[in-house]
């Protein structure tokens, strides 16, 4: 089937910042993304697990964003502005998508 | 001695022992966990129940004149306590400005579960505190955050606090639910309370047990993972600060002329440290502050201290000074 | 005026106010949320409790002759109402065939929470409706979907309804649970009810409050996100249709000779719009229909209308016409 | 005949019928599901409640001399039963050593829900079993796993059991919660029980219904997906083994001199098969063993058998032999 | 370690269609896939969040499918047949897997 | 923006083994990973769904690990040691990350 080049950006970020990140994305015109739950993880700021968390203070989410390659930089700039001073990681992989008109 | 008797009696209640069970299970690295959704569900239940009961209480006893005064006192305490906490932290701990300010914010704000536990202890003693203390708890949640952010910016640190943040803090789920259910209780009063009493009163203590079991698990895991991060100074602060807070709360309560139970609750609020509203706000506004420090101090040191020793102590001090 | 008194009295119940609280919290963009798992858990509890109580009621009072007649009436109403709704929508709104048919399906089907709220209002008035009304609610869930699909295919639209779809609709979790617990209640009767009454009766009203709090949150978020999509015509439909439905339900109930409470419930069922079984079926069978339209109309307009004004109105109309 | 009457009476209880409802819903491929978090929440509630009640019971009646003896009997039964099960499996089924050993482990261990169901049946008959049977249930969870691993290594099979595994098994969440709440109940006794009775006693039966509804759903889905895997021999084992286990439990109970209710519970424990602690341990220690075999046998065959026929049978046998 | 070429197909689709999609995959002989929960997202049909959803009507799931490159087209064809008229996105990335015998 | 080469390793493994896997990763010096929940799936050992699971015995989780390419083999070796005899899959994709210093 006909597919189209795209980038898959995966941003793992603290739950309290989710709204900020998605709002920034929307402001940048990135209107397509998916938020996945994260059970736990480990990084420079230590290990954590969501189960039994009283607060979501230390919870995280994964925001996946499929985007046209030419719009990648704009997205990274704006995403980074949010993530910069915070815990979290950003990764990019090459991908192909069906129905390019959607991206 | 009365206090001691109270303390012992308090210690062997199902509520405390459930917390201890959770703590031990976590420290022993058991895989016992309460699903996040269930923990959130229980906290929603507790907030709704405590808010509703408080409102119904006000509807029953009417709004006595001290209501406004107590609300104000609460706001002022929440603004002021962080400064004391901050000063103490700079002296007692090696924490930098940002971490000290973040911790200070937690101690100016309140822990609703500590408040709930204190309420049920007081009711166990036949006291019934002013219903509007719930509203006081609600107004004390947020101001401390502003004080902390001011402390940081004053000392040249930068915060990532956006305008949106303040709205978020004020509309924080737990505040909205607490205030909302308080109003519902006030409006529907006795009649409303009777309708849902089998839900919000009868099983309350039991739900609180399971919730504290979860708190114990979380506190224990926190302690295990961050053993290194807290020096003796920090731990000392986690015990000294609630005592100082409670004394100030005592003074305020006596000035206003609250009932013995009301004074005890104001002391508890001043002594308790937040672990829901404030941590989330800190992640947004002071990302460089380390959660392992403020969460462990609040959940792992101060919360257990208040639950076991603090509450009965505050209750008996309140009783003594109000002559109640 | 009696109806007005009822309405006011109904409005200041914890149940309604909890819904209002949720609505306001969502519109104010508070981050208050009830975890999905807890919301699903509560709806399972409500379905189980209402079904069981209905069944036990039938076991107690025996199956009176009108049972069959009422079941049939329910099925026919569910088949017929979508046609009226569809006609209205084509006149009152700019929606195309597919969206009109999708909305129509919702109004032919029923909202179990509206049914539950009506039941507790009626019980509050000392009426006890026929227990088998629960079974009537169950049979009214699905037929409307078929009418809607027929409306689409008739006007040349294509649906993606597969053979599997019909089985899925019939075996929809909420229908199975409602019917199943109804049967369990019928089989175990009085004895079974006493065994679990402290679980399904005592806390029922309280759970309903938290559930409606969640409904308010969802309705509020829906309204906020889809402000644009609904014109005045659509909103008018969301209020007119339940009134029309309730009148038809009234006629049917009187024809069959139901009790005052039974008539009120049949009116409520006819007036209420689905937001669980039907939306899921629409996503599968009419993917081009926009959820933001039918969910907002059903949850954001008709549900609140029925909850606040509709139910007391239907109750007093039923009382008047049955002379009960 | 008494047993038959009991069986019938037992069969038409809300608890059993809820299980049947779940079973049917799953076999009919309904999409009815109970969220995982809610299911886990309910099992935490049941463990906490049953443990607490057991402990409070011991506090009330004091520790009679047979406590130690019964604990020991439980440990020995859990160690011994897998050998019998293993031998039977090699004869009755085509399963290889690893799968046979894995299944054997399940039958040496216990099913806490079966235990809970038996308790409520016995209480329904006015018997009240020794409270410490809860502790016996706890100690019977793990030993069977060691026997199974020994059986595998003896016959040259390799296990991936690490040193960590044994700690994990002992600190398994359900064991810790059961033992912990048992101790809390013992320490706080009558007073503690009264505090939380409206939570752990009143709604208990009702929660058990919803939990068994979920068990039925899971068992049904399991049966549907693994139809092929179980031959008649395996199914025969799933019914024969609990009978053998219960007889051995009966003998042990009589030897020790337990009350009629206590004997019935020891029989139930011996007859029941684990589906929580052991499956998890098997995935870690015997990954080659197929879950579809041991889960289906334990949940799909033996659990329903015990729930419907086993428990009343054991109860009446116990009554006959203790002359109680 | 020895790895083998594969394609990672990620299909984000409405929950009510999950069963249809997986049944189609199985019919196509694609017996390996994993379903992940989705908390929320945003696309042409607006933004949504799962929390507090009364119905799953607007919920979504992510179906991840690792597959041998030569079988990709068959999978896309059948997946697309399900997704086509529905809300959702399909993306493909190059991947490597251990234990090729499984795919 | 400046990005850095990395590998994205995705390990889908049985829940009871999660702790073992993450402990092994940490022992290998892989201190960065994220654990995501899995709702259900299908593989050679049949189809399963998490909803309504009484036990997690048959539940699974997805462990995502972003790592410097030169450390990939060490990670795969140790991960494989855990997964080897168990149900589950391991996939690797090329990725880029921001803030390489974190990996």
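A few notes on this one:
Per-chain numbering from 1; labels A, B, C, D, E and F assigned in written order.
Just so it is clear, contacts are C-beta pairs under 8 Å (C-beta built on N, C-alpha and C of every residue); 3 or more make two chains touch, one makes a residue touch a chain.
Just so it is clear, the model here is predicted, and its values are computed rather than measured.
Chains making contact with subunit B as well as with subunit E: A, C. Ranking every chain by how far its Cα centroid lies from the centroid of subunit D, the top place goes to A. Chain centres computed from CA atoms place C at the largest separation from subunit F. With centres set at the average Cα position, the gap from subunit D to subunit E is 38 Å. Residues of subunit C in contact with two or more other chains: 31, 33-38, 41, 202-203. For subunit E, the set of residues that touch two or more other chains comprises 36-37, 47, 49, 93-94. Remark: the chains found to touch one another pair up as A-B, A-E, A-F, B-C, B-D, C-D, C-E, D-F, E-F. Taken in their complex, subunit B has these residues touching subunit A: 33-36, 39, 43, 160, 162, 164, 214-215, 217-218, 221, 225-226, 275-276, 279-284, 287-288, 290-292, 295, 299.
Taken together, the subunit C residues at the contact with subunit D in this complex read 35-38, 40-41, 44-45, 48, 52, 167-168, 171-174, 176-177, 180-181, 183-184, 187-188, 192, 195-196, 198-200, 202-203.
Note for the complex: subunit A touches subunit E at residues 1, 3, 6, 8, 22, 25-26, 31-37, 61, 66, 93-99, 102. On the subunit A side of its complex with subunit B, the touching residues are 14, 16-17, 20, 45-58, 85-87. Put simply, subunit F touches subunit E in their complex at residues 10, 12, 36-44, 47, 49, 60, 62, 73, 76-77, 80, 83, 89-94.
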